[in-house]
Amino acid sequence: MTLLWIALLPLLGVLVPALNAQRSRMVCSLATALLPAIALLLTLMQIPALLEGEALRFAVGWLPELNLELALRLDGLSLLFNILIMGIGLLILLYAHFYLASDEPVGRFYAFLMLFMASMVGISMSDNLILLWLFWELTSLSSFLLIGFWSHQSDARKGARMALTVTGAGGLALLAGLLLLGDMAGSFSMGDVLASSDRIIADSRYPLMLGLVLLGAFTKSAQFPFHFWLPHAMAAPTPVSAYLHSATMVKAGIFLMARLHPAIADSELWTVVVSLVGTATLLYGAWFALFKTDLKGILAFSTVSHLGLITVLLGIGSPMAVLAALFHILNHATFKAALFMSAGIIDHETGTRELKQLGGLKKAMPVTALLTTLAAAAMAGVPLFNGFLSKEMFFTETLKTPVLGGLSWLLPALATLGGILSVAYSLRLVHAVFFKPAREAPPKSPHEPPHLMRLPVEILVVLCVVIGLLPALTATHLLDLATQAVLQRPLDFKLAIWHGVNLPLMMSVAALLIGTVLYWRHRDMRLFTRQFESVDARRVFERFVVAIGYRAEQFLAAFEGNSLQRYMTLLLSAAFVMGLIGLVQVTDLTGAAGNQPIDGVVILGAVMLIFGGIATAATHRYRLISLLMLSIVGLFVALTFARFSAPDLALTQLSVEVVTMILLMLALFFLPQKTPQESSPLRNVRDILLAGSLGLVIASLNYAVLTRETLSISSFFVENSKPGGGGYNVVNVILVDFRGFDTLGEITVLALAGLAIFKLLNRLRLFIPHSDGEGRVWSPDRYPAILTSVSMTILPLALLVSAFIFLRGHNQPGGGFIAGLITAVALILLYMARGVEWAQERLDFPFQPVAIMGVAVATLTGLGSWLFGYPFLTSSFGYFTLPVVGEFELATALLFDLGVYLAVVGATLMILANLGKVTTAHRPVPEQTEKDAETSSNPTSKEPR
Amino acid sequence: MIQHLIVLPVVVPLIAGILLLYQRQGMVRYKRIVSVVATSALLLVAIGLLNQAASGEVTYYALGDWQPPFGIALVLDRLSALMLLVTALLAVGAVVFACGGDDEKGSNFHGLFQWQLMGINGAFLTGDLFNLFVFFEVLLLASYALLLHGGGKARIQSSVHYVVLNLAGSSLFLIGVGILYGATGTLNMADMASRMAELPAEREGLVVAGALMLLVVFGLKAAILPLYFWLPRAYASAPAPVAALFAVMTKVGIYAILRVYSLVFGDQAGNLEALEQPWVWWLSLATLAAAGIGVMAARDLRLLIAYLVLISVGTLLAGVGMRSPEATSALLYYLIHTTLITGGLFLLAEMIGLQRGKPGTRLVKGRPMVQGSALALAFFIGAIAVAGLPPLSGAFGKALMLNAAEGSQRLWLWTLVLLAGLASLIALSRAGSTLFWRSHRGHLSGRPLPRCQWFGMAWLLSSSLLLVVFAGPVSDYTQAAAKQLANPSLVIDTLINDAGGTQ
Amino acid sequence: MELLYAITTGVLTASGLYLTLRGRTFPVVVGLTLLSYAVNLFLFSMGGLTTDGAALVNEGDGFADPLPQALVLTAIVIGFAMTAFVVILAMRARSEVGNDHVDGKKEDRE
Amino acid sequence: MSLWVEAFISLLLITGGAFVFVGSLGMAHLRDFYMRLHGPTKATTLGIGCMLVASMAYFWSIDGRPDIQELLITLFLFITAPVSAHLLAKTGLHLRLKHIDITQGKPVELRSEEVGKKPVPHPDKGHG
Amino acid sequence: MLSIALYITLALVVMALLMNLYRLTIGPDLPDRVLALDTMYVNSIALIVLLGLWLNSKTYFESALLIAMLGFISTVAVCKYILRGDIIE
Amino acid sequence: MIRSRAWLPTPVFSLLLLFVWLLLVRSVAPGHIVLGGALAIIIPLLTNRFWDARPRIKKPLLLLRFVLRVLGDIITANFEVAYLIANPWRKLNPHFVEYPLMLEERFTITLLASTISLTPGTVSANLRMDGKSLLIHALNETDEEALIEQIRERYERPLKEIYEC
């Protein structure tokens, strides 16, 4: 449970500054520091237990499907890292308290910092691979926020994005790698993984896994060639750089390599890849550190270099190398954090980090100068400082590496070279800033910072010295525990300053001497280096991202193309392919049932339909003619339904056909009357082929189904229509009873169409043509007199017919839908014959409520069955006898059908009449906002229906 | 009432719609109250149903008291209950958000919204193939109307593509249903599934043709690769609450694929088992690739989110294409996450656009926003979640998906999912830093946003955290749902064999 | 007869599809309408072709399969609603964009 | 059904068919639109009328009770057919369709000098 | 006898419909086509009546009634379209 | 809004509707008479507002005679027209005639125009907007005056008498 608190406290700490952001900075800083301090204390309190060899674990289940547990461990390695993370974190907090300007949102900064700390602690304590990955990515995110903290600076934004992209990409690779690793080990639990080294290394996927995991580690730890984000992350406020880029985040990659060391490091592949990459990084970073003119730039590249050093050690992987690596982790954290903070102080006090504006600061800032010098000495590996110890161990290990065979001299040589460069840039750093006279004046006149701001540096420098002088006393236990954790067994070692005169010592001495000379001559080499400087990683990266975006845009424009014709082609092609795949599996196209004999009327119908269809397509450029041709199809489809025993369908099709015609003509009025010739002949041929092929496939499927016996559930409907549904017309009983739910949906669709169309007609700007397609002026006779009188006569008859069709629907062809359409069409005839103005006066009910009422009636009918304990839409019917009238049937289905009727009338009128009205004074008004409508007390006469 | 619970997800929005649509204008308060109350009621119903389904039993509701396969039956299993809940959660966020002012930009918003919910819920519940068509049409037509809410050229133009393609799709749907009916003689999916067992060989080809035609239709709704083109512009131009609700629309297509093929073409289907699998698998990967490119190319936040939706479609369909209970479970978890988060992001985009004023959601420099910090925080959370980064649900979903892949599937899925994730990461960091960091100096722009909008957006985005905290229970549920889905005989027995075939 | 019926459906489908591939909205709408007619015929025939025997249980004893008929009826209604919407959408699109190209990009050449 | 009734029905049917045929024949082969209009308006209407009467007679004789439902269709046709024809003629005149040369009388609509060449927007038609 | 008469009538009606189709196709002008279509509607009433006699059923009566009614309205609409463009004004 | 107060504004018309209803349902069962009667009352009430000027039949008997005469004319006329059409050697003399109208009511003009269209060789082609004259197309007519006279005497006068006097 303590472990959970250790991990949790920093996380809770995120809230503290966020909640205290409004208070004074002092309160805010202190409050923020509280929780991590407790967590650090708790961590330190575990040391005795660890020393006794206890395994500290905590686990609760989280996502078993992913084998993910909230599993924490505290072993030596975690201990080392926790101390670094929280210890240095607290110092950074103190430092930042002074560093940030008074108007900067310190609460937010602390919150980000705590988030980062929490995720680092999480990484260090994770006892589950997936959990580790979660925290891993969280560090990328929080570092993104921290680097971009000064978001008004373009450098900060770009640096942050670059860091996020690179480490995020690495994180994704790491996820893949860890999933593989877990799969190979059979568990995501760290303990299991660490114990399955043999299995893992024997697995054929090992190289892939290793590559992915190392990709994660290398990007995070800024290893060559993924180092380029780190220098640009220096756009962050210095406390961030000091924390993230010296002590913690970049060490996450190192941590990962150390953590997984027992599981995956026992192979040559590991040694070769890791030490080579490490070496390259070591040298590359050191080289560029020597020539940077930005104080933090130097530190950034030196960090890259030192991370390379640690990586080399982990690559070598011998017990002592591991020890050295861990030791250097500790040492680097101390001196580099100190150096960053000093750099921050200098920047803070002088207003610049450019070397050419700095110089001779030892007078103004003697204490800082001293501290910096000491820390730099540690970095350079000067004896008596901690850096010396670990670096010498590094040299020792490079001499022992067995892998490179005949080239075994190479690694020590390169290591020495790294040492030389390291001495040179350390020297340069100190000399140029404090001792050499400045070439330009800095923006601010420098003086010593507040003492408390320097305090963290002082503590760290003292640590450098103390560890350097008394390694056995200060670091042994910690390193012992950490090494045990990495090696999974105790290691017998002794830290000492003096090992006698040996080759490593010689290498150190050589590095110191040659490094000094090198600094002396570094100007010459700078000329040589200049030619590489034009390659600015960030610019390359930015350009790369922009180029990718641009290419992506180009690709999409070409690929998607915003062309409906293309999309339709794809859709139809897909349908064709799919249908064809089925069709080729149909062994015998003509099924057992075969063909029925053909007769003349059927041939006539087929001729009419085929002709009508082709003519509709062929005349499509003359739109009205095309519509007339479509009408043939509509009529003959209805007749086909009649011919094949579907009177209800014939009726429906007929009424819909007429309404569709009216509708299409209403709309065509506002559209061009002809279609220009646009498609190339080739395209036409292609379209005809595509349409024809799909048509052929569908015809074949149709034929195949038609010539097979029908095996349908329909006999049930026929049998139950009268006894169960109370109607003789099975189709109608299906519609209002067996499948009344479909019908309810269907009238909802119809009402929705009316509503949607109302929306479309709103704020419609019209192109009203003054003449027809041929340029003829319209006839002046708006309402031909003969038509008007006939429409009067037809309306009552039509209503009567409508009532007739409605009432008999249950037993004979008919029903609410057809009746509704007849009513609607008759009313539309009135609109056509008499005009909107006239009809409006007489049809003064709004259409929308009618349509909705229809749906409501149908729904309520369905709900009524609940009262009797039956499911929704259960129908009932009964026979009643009245005097005079005699026996008659009443069915709830009739009520349901009434709903259908109302919905159809309302919706059809909403569609047609509203569309017709757009050219008149009664057009749907530009939609007011509902607020306006509420406040305006007098509804206008132009209220749309 | 409790025995009618299954039909309530359809009936509640239907009645709410009726109440809301009866009067077209005015009564703003009344309409908002009705709409929010109805949606909340829907949420309660969905929770109740989830509870009911969690028992592991498949239950059904025979509409009109006509037993399956003759009448239409609503089928409740773990999957449909989950989809209902996700929809209800999304709807609550969207509808509250809309009360912040979007509902007044045109007529009938709330009514149409309710009916859209009715269509979606119906599609999730129905056990009948033709009824599925009907509900598809309900939800489509409602979506057409809602897409146009507020008007504007971009909306109209993107609607043309969306509508025409879907109309053609509806025709294909009817053809597919027709062939399946002609070949099997039934419309009830469970009945159809049970008939697959003794399907005569001469009908197999027909069934294949019908099933694959349907796959084209579902693929169109789900927005799989050669058929996704309608999506980006339509989603990007839709009004925010509508776009948010649209986040579940592609899932309807995915649901349909999952439902129809796992039930009808399950292990009882013999030769025809998993006939959709190769198509779904390979095309989903291609979708992922295209969506990743789209994410990189998007120059507008809404368009970016639309492509993120597409990434989720690709990922989910890949899960469908893996056709294993593990993958199904993973995809269900991912589906909850992605639906709610992309929905929330659409809302957030609208808020950002509102505050930025003229530049809107275009990724260009603008003035700093009045509520910039809060919006930035929300964006950060949403972006993390949607990009699949820890500690939010996207990371879990992605990890589950990747982990569910087996053997050679891994190579493809991992590469594409991870690359798409990287593309999202790059694009989102670019978008975020442009919107919130790269601003002109000068006056703050925008008025404070309505509380409703904050609530709606936060409601959806906060789900991500809950999904993380309760990852275990959620994944237990999805695992059980996946197992249930992998065993079609459960549904067949309940609906067909045990019901006895007569009323 | 079945062959002729199938050919008819196929031709109607093909004609409708050809029109849906055109570049202007109105022909596309006409094509969709034609397509829906064809699809209705297709769906209708899935219960077989019965030349005498409407599904009225009080008349005669040969029955056409009533189920596809009910489905087609629903499909006709829905098809009508959709056609109505899309044609008015086309009209609206023309008023917004100034031409009736399906992508709204080309200049009106009339 | 008695032979006479059957004969009567058959005669009516064939007469009706013949009229229907002639009506369409006129529509197909006469030489200008105005002439073609005559066939469908009269002959076809009467033809359908005959067939409907035949149908009435048939069902009357079969069911044994008066069945004059079809009268309604006839009624509808007789109301609507002339109106359709009228409107079609009006349309033809509006479009100034050519008539054959031998036609006597020249209605206003077809006199070329009455209307200028350029279309003049009708005063009724505003901009909407 | 009746069936022979039915055949003859059917043949006449079919020929009439084919002639309608002919006129509808060749036009030459819009009103010709509209006229042809209108006639086609009316002639199809004949088809329905004959079908009823053939099947000995009155099931299709309403179809004929509807064709008579709706064919008219459809023709009115097209005429109005040609005359005025705006059919509801 | 135009409302009518009477519950049975047009008894004759209602009777006609009842008759049509009984035709439709093919039954004279009491139930249908009740239902039809109800509809015959309701529908005129609903549609009454659509009649701007309801024509009144002054002389019903004359109307009956007129109807019979027209029916007879239709039949004879159709044989005539059929002959004209079917005989390819017959040379036709089409003729446009402007017919000056005596009738004033729109409804009666419509009746006249319809009658003209249904009867021998004539189609009413256009009613002038002022309602003063009717353009007639005759299929085969040489004597314009005779045609006008025939229409006047045979149809227009009776109509005038039946409705308008």
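Letters A, B, C, D, E and F mark the chains as written, and numbering starts fresh at 1 in each.
Here, a contact is a pair of C-beta atoms (placed from the backbone, for glycine too) under 8 Å apart; a residue touches a chain by one contact, two chains touch by 3 or more.
These numbers were taken from a predicted model, which means no experiment stands behind them.
Both subunit A and subunit F are touched by D.
The chain with its Cα centroid farthest from the Cα centroid of subunit E is A. When the interfaces A-E and A-C are ranked by how many C-beta pairs touch across them, A-C comes first. Subunit A and subunit D have Cα centroids lying 68 Å from one another. Taking each chain's centre as the average of its CA atoms, subunit B and subunit F sit 62 Å apart. Annotation: 39 Å between the Cα-based centres of subunit C and subunit F.
Per-chain CA centroids place subunit B at a distance of 28 Å from subunit C. For subunit E, residues touching at least two other chains, in rising order: 10-11, 17, 30, 34, 58-59, 65, 69, 71-72, 76, 80, 82-83. Counting partner chains per residue, subunit D has residues 18, 23, 25, 37, 39, 45, 67, 69, 72, 76, 79-81, 83, 86-87, 90, 92, 94-95 touching two or more of them.
Multi-chain contact residues of subunit C (touching two or more other chains): 20, 25, 28, 40, 42, 46-47, 52, 54, 56, 59, 67, 71, 74, 78-79, 81-82, 85, 89-90, 92, 96, 102-103.
The list of touching chain pairs reads A-B, A-C, A-D, A-E, A-F, B-C, C-E, D-E, D-F.
Within the complex formed with subunit A, the residues of subunit D that make contact are 76, 79-80, 83, 86-87, 90, 94-95, 119-122, 124-125, 127-128.
Interface residues of subunit A facing subunit E in the complex, by the touch rule stated above, are 600-601, 604, 607-608, 611, 615, 624-625, 628-629, 631-632, 635-636, 638-639, 642-643, 647, 650-651, 654-655, 657-658, 661-662, 665-666, 668-669, 768-769, 772, 778-779, 781-782, 784, 787, 794, 798, 801, 805, 812-814, 818, 822, 825, 828-829, 831-833, 835-836, 912-913, 915-917, 919-920.
Contacts from subunit C toward subunit B in the complex involve residues 20, 25, 28, 32, 35-36, 39-40, 42-43, 46-47, 67-68, 71, 74-75, 78-79, 81-82, 85-86, 89-90, 92-93, 96-97, 102-104. For subunit D in complex with subunit F, the residues that touch the partner chain are 18-19, 22-23, 25-26, 29-30, 32, 34-35, 37-39, 41-43, 45-46, 67-69, 71-72, 78-79, 81-83, 85-86, 89-90, 92-93, 99-100, 102-107, 109-110.
Those residues of subunit C that touch subunit A in the shared complex are 1-31, 33-34, 37-38, 40-42, 44-59, 63-67, 69-74, 76-85, 87-92, 94-96, 100, 102-103, 105-106, 108-110.
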